[in-house]
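Several structures are given next for inspection.
Look at the two complexes coming up: chain A is in both, with chain B in one and chain C in the other.
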Partner chain A sequence: MKKVTLSHVSKSYDQQSFAVDDVNVEINPGEFFVLVGPSGCGKSTMLRMIAGLETITAGDLSIGENRVNHMPPSKREISMVFQNYALYPHLTVEENILFGLKARKMNKIERNERCQEAADLLGLTPYLQRKPRELSGGQRQRVALARTVVSQRPICLLDEPLSNLDAKLRGYMRTEIRQLQKKLGITMIYVTHDQVEAMTMGDRMMVLKDGKVQQVGTPLSIYNQPKNLFVATFIGAPPMNTLPLSLSQDRSLMFMNEKISLATPVSWRTLLNTKDHFHLGVRPEQVFPAEEVLEPSIKFDVTIEDTEVLGNETHFTFTLGKATWKAKWQGQWPKNIGDLLSLAVPLEAAYLFDTDTEEIFYSGQVQLSEGVQVL
Partner chain B sequence: MMKSRGWVVYPLLIISSLLLFFPIVYAFLVSFMSGTDVMNRSFLPSIWNWSNYERVFETVPLMRYLMNSFIVSTGVMLGQLVVCAFAAYAFAFIPFKGRNAVFLLFISTLMIPWEAAMIPNFLTIQAFGWMNSYLSMTVPFFALAFGTFLLRQHFKTVPHELMEAADIEGLSKFATFYKVVLPYCRTSLVTLGIYGFLTTWNMYLWPLLVTTNDEKRTVQIGLKQLQTVEVATDWGVVMAGVIIVIIPTLLLLFIGQKQLQKGLTQGALK
Partner chain C sequence: MSSSSVTVVEERILQYGRKEKLSWWGKTKNFRTAMLYLFPSILLFSIFLFYPMLRTVYLSFFLTDAQGVASLFVGFENFAYILQSSVFRKSMVSTLLFVLYTVPSSVIIALFLALLANEKLRGIGFFRTILSSTMGMSVAASAVIWLFLFHPTVGILNSFLNIIGISSIPWLLDPQWALISIAITTVWMNTGFAFLVILGGLQNIDQHLYENAEIDGAKYRYQLRRITLPMLSPTLFFIITITFINSFQSFGQVDILTQGGPAEATNLIVYAIYRDAFINYQFGTASAQALILFILVFGLTILQFKFGEKRVHYQ
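On to the complex of A and B.
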């Protein structure tokens, strides 16, 4: 098994801007690695460079110990699953699955054995003689996965394989792909723009924006310790609430706008000594009813602008300063639009971001490394 | 609404199909008539007999002509398919400097009528010593701008992922071409094949120019000969010849149509 290493990998299509900008990462053998980011951030470009379908403008790509920048795709020992499945419409399911093995001139007995195994694994046995157009979306995607299985190649690249499926099937295929990866023990590099997929499937994930790596880490570490404002708001549903605040001269007040201010928690004052502005970030599930919070907290009163009751949880929408916030409470709360709410955010649930760099400089929960002050 | 439209549309369709079919139907009827029937301009033969069909095989070497036509048409069809497919592949998939300019130049030859190029072509063929050979009737037609255009347009619709998947599986460029691109574009290939076969089968002027003996002549010229070898043209015999000549054409259309429909319903896979 081989690891995939990218060092200073960049890609430019137009010689002016970078679609992928100086990416450094090491993907371990047997890992489920997810590339996630908004549309156009360079995920597909990065994956296609690893596959060898796109040339690398600068930097080195290695698989195992070898630099493979110029190695043709077929020599890289990879398989790939595409968004629209890339099944050959003129071939049956079986021929589609065996397409690559035939090209590699594998003998017939072994070929059929592998096909049988893959078909069993993915529940495709009854459909082997059908044409792809006679299958449902989920079945087609499973055929595409079966191709990966029979290829027995150690690295599998997937580019938004579930985005053509409906929500329910997507949830089902998520577990299926994940189980498949564990069973085969192969490395999977998985591209998605859906943060839920990234959170639920990945061993580790990389968040990209405008071609630049924002953060790499396990889903939980990224959720709990986002490095900057973008990651904080991209990961999590509903996304993290943020609020730009400006400080009074003596740092005792935090202004949401000209009129409304909050008292700066005492424990933050030294921390904010050097700042005039900052962004406050709070996850919706950390915005509690004021009476429930006993530890040090920020308190404020708001008017409910919208409520969504989702069976076992309730979302409230309200405005704080110029920002729209959401609170997520467990259970069903019979509140109406226009009702007043007294809310509190425990200090240890707050994230503070620098307004200019958008980097995080304080998080109540955890000790942050790299030049972050903790009180 | 739909019903009243049907009352208008169907009679119109029936009338136009009758108009279109009349010459062929009448040729069929005439081919069974005796000389007197033809002279009397009767619509139906008074006695149905096969003698015209026997005579047509006696007066000219029709089997020979049919065979020549078949060889030439098949040759042109295959040649066109191969040459056009290769050219279209280059224009669709291989990025090279000035590709669009070359393609436009290629397409612009569509505007030069074949007749205008006939004299120079004839001289070339003569210089090659290809008179009275199958080569002269096939090779000049291999490179077909229309066919290249047709195939290129279809090739361009082949999803990139299909080719990339083949690339990852380790297929060579050529293997990708004939295992992925060609099967995907089968419909266009069939269309072009039928088109090539039929146009060549019906060609008259060029085969007349480049052949001087029965050995290599095609059926269209043979038919013409039926009219001139006799003192007074026996239309019954000529029409018998015509019917025999259009049979392969019709057969091809019927078979091809089925193939075409299959290809069309197969469609692309989303």
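On to the complex of A and C.
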């Protein structure tokens, strides 16, 4: 098993801007590594560079101990699943699965053995003689996975493999892919723009934006300690609430706008000594009814603008200063639009971000011990 | 699928699958709508295609005067005469040879050029334009260009052959070479269109298929055989059919380059029809030949569909 190492890897298509900008990361053998970021941030480009389908503009890519920048894709010992599955429409499922093995002239007995195994594993046995167009989206997806299974290569690259499926099937395939990876013990590098997939599937994940790495870490560490405003708002559903605040001269008041202000918590005053502005960030599940919060907190009253009851949790939408916030409470709360709410945010649940750099400079370090709920 | 489930399905169809009963007016609704849309083209086709065709069938049963007016009904005598005529037989042989020379070579050359032009190289757009340029050239212009190239003394082909130490070839003057010369001209003329269509077909193939094959370690030849050709088969089938029919109907290049000579070697069937009708004023026999050509091409095209289409993978 080999690890994949990227050091200072960059890619430019037009020699003017970077699609992938100075990426450094080490992906361990057997790891489920997720690349996540908004559309156009360079995820596919990075994956295709690892696959050898795209040249590397600068930097080094190693698989194991060898630098592989110029190694052809077939020599890299990888398999890949494409977003549109890239199944051969004129070949049957079986021929599709065996395509690579035949190309490499593997003997027939071993070939068929592997095909049987993969088909059993993915429940494709009844469909082996069908053409791809006679399959459902989920079944096509499984054929694409079966191809990587029969290849028995230690590294598998997947580019948004679930984006063509409906929500329910996506949830199902998430676990299926994850289980497959654990069973085979292979390294998977998985590209998605869906933070839910990233959070639920990844051992570790890398958040990308505009070709730059924002943060690398386990899903929980990224959720709990986001490095900057972008990561904080990108990961988590509903996303983290943020609010730009400006400070009074003596730092005792925090203004949401010209009129409305909050008292600055005493413990923050030294922290904010050098700042005029900052962004306050709070996860929706950390916005509580005021009467429930006993520890030091920021308190405010708001009017409910919208409520959504999702079975056993309730989301309230309200406006704070210029920002729209959400609160997520456990249970069913019979509140109406227009009702007043008294809310409190425990100080230890607050994240403070610098307005200019958007970097985090303080987090209350609340321990989310009971496990993070992301859908 | 188990047999029991099939019978359940059948039962269900028997029980509930009753066809809706529609009035005649309701049943023909789709048909009538379609006819309305088709009307303009049916009208044009009728005037310029169906009427002349019927007229040809009619004339083939008559002897005609010099104006082409049917004067004497002779039944199948025109056909009998044609089928026994050595000129017609020779013309048929030339035509079949000509089709054999031109169709495979046109398609293979166009395929080869399209494969080259499909590579992502700098300045490939220039080559794509050049290679498809013969499409924009009229038959007459192309034939005249080749008339110069084939010229026995000042033609560039012979000059070139002389330079590399081969003696001159009497391109259009020798009965052996004339048909080949016409075939070369025709292949050259066909290439532009075939190239463009095949290139379009190639560009329609999903690049991910090749990337996947690349990762799997498939070599170029394997990719060509297992991906490109099957995926291209509808396009190839189309272009083969079109080229095939066009070859049977070649006329302009014969008229300009050889006028059917030397020694009738290039008297292709359409040219023979033209000569019979407009030089010898034998509209009856000309029509009979035209009808035979029509039936032949029609029959061969049907055979092509019957056997060729099995190898075509439509998506």
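In this section, the second predicted complex is superposed on the first by the 365 of 375 C-alpha atoms of A that agree within 3 Å, B and C clash if a C-alpha of one lies under 4 Å from a C-alpha of the other, contacts with A are read in each partner's own complex, and residues count from 1 in each chain.
Here is the rule we use: a contact is a pair of C-beta atoms (placed from the backbone, for glycine too) under 8 Å apart; a residue touches a chain by one contact, two chains touch by 3 or more.
Because the structure is a prediction, the values reported are computed rather than measured.
Asker: Sticking to the clash and touch definitions up top, decide whether chain B and chain C on chain A clash or fit.
Answerer: Because the two structures are overlaid on the shared chain, the partners are seen to clash.
Asker: For A:I189, is the partner it touches chain B (first), chain C (second), both, or none of the two (neither)?
Answerer: Neither partner.
Asker: Just checking: does A:P73 make contact with chain B only, chain C only, both, or neither of them? Give me first, second, both or neither.
Answerer: both
Asker: Taking the superposition on A as described, I'd like to know which of chain B and chain C A:A86 touches: first, second, both or neither.
Answerer: Both partners.
Asker: Which chain A residues contact chain B in one complex and chain C in the other?
Answerer: Overlap of chain B and chain C footprints on chain A: residues 51-53, 72-75, 78-80, 82, 84, 86, 88-91, 99-100, 103-104, 133, 151.
Asker: Please name which positions on chain B make contact with chain A in the complex.
Answerer: Contact set of chain B toward chain A: 159, 161-162, 164-171, 175, 180, 183-184, 186, 266-270.
Asker: Under the touch definition given earlier, write down the residues of chain A that touch chain B in their complex.
Answerer: Chain A reaches chain B through residues 51-53, 72-75, 78-80, 82-91, 99-100, 103-104, 132-133, 151.
Asker: Inside the complex, what are the residues of chain A that reach chain C?
Answerer: For chain A paired with chain C, touching residues are 51-53, 72-76, 78-80, 82, 84, 86, 88-91, 99-100, 103-104, 133, 147, 151.
Asker: Within their complex, state which residues of chain C touch chain A.
Answerer: 206, 208-209, 211-219, 222, 226-227, 230-231, 233, 313, 315
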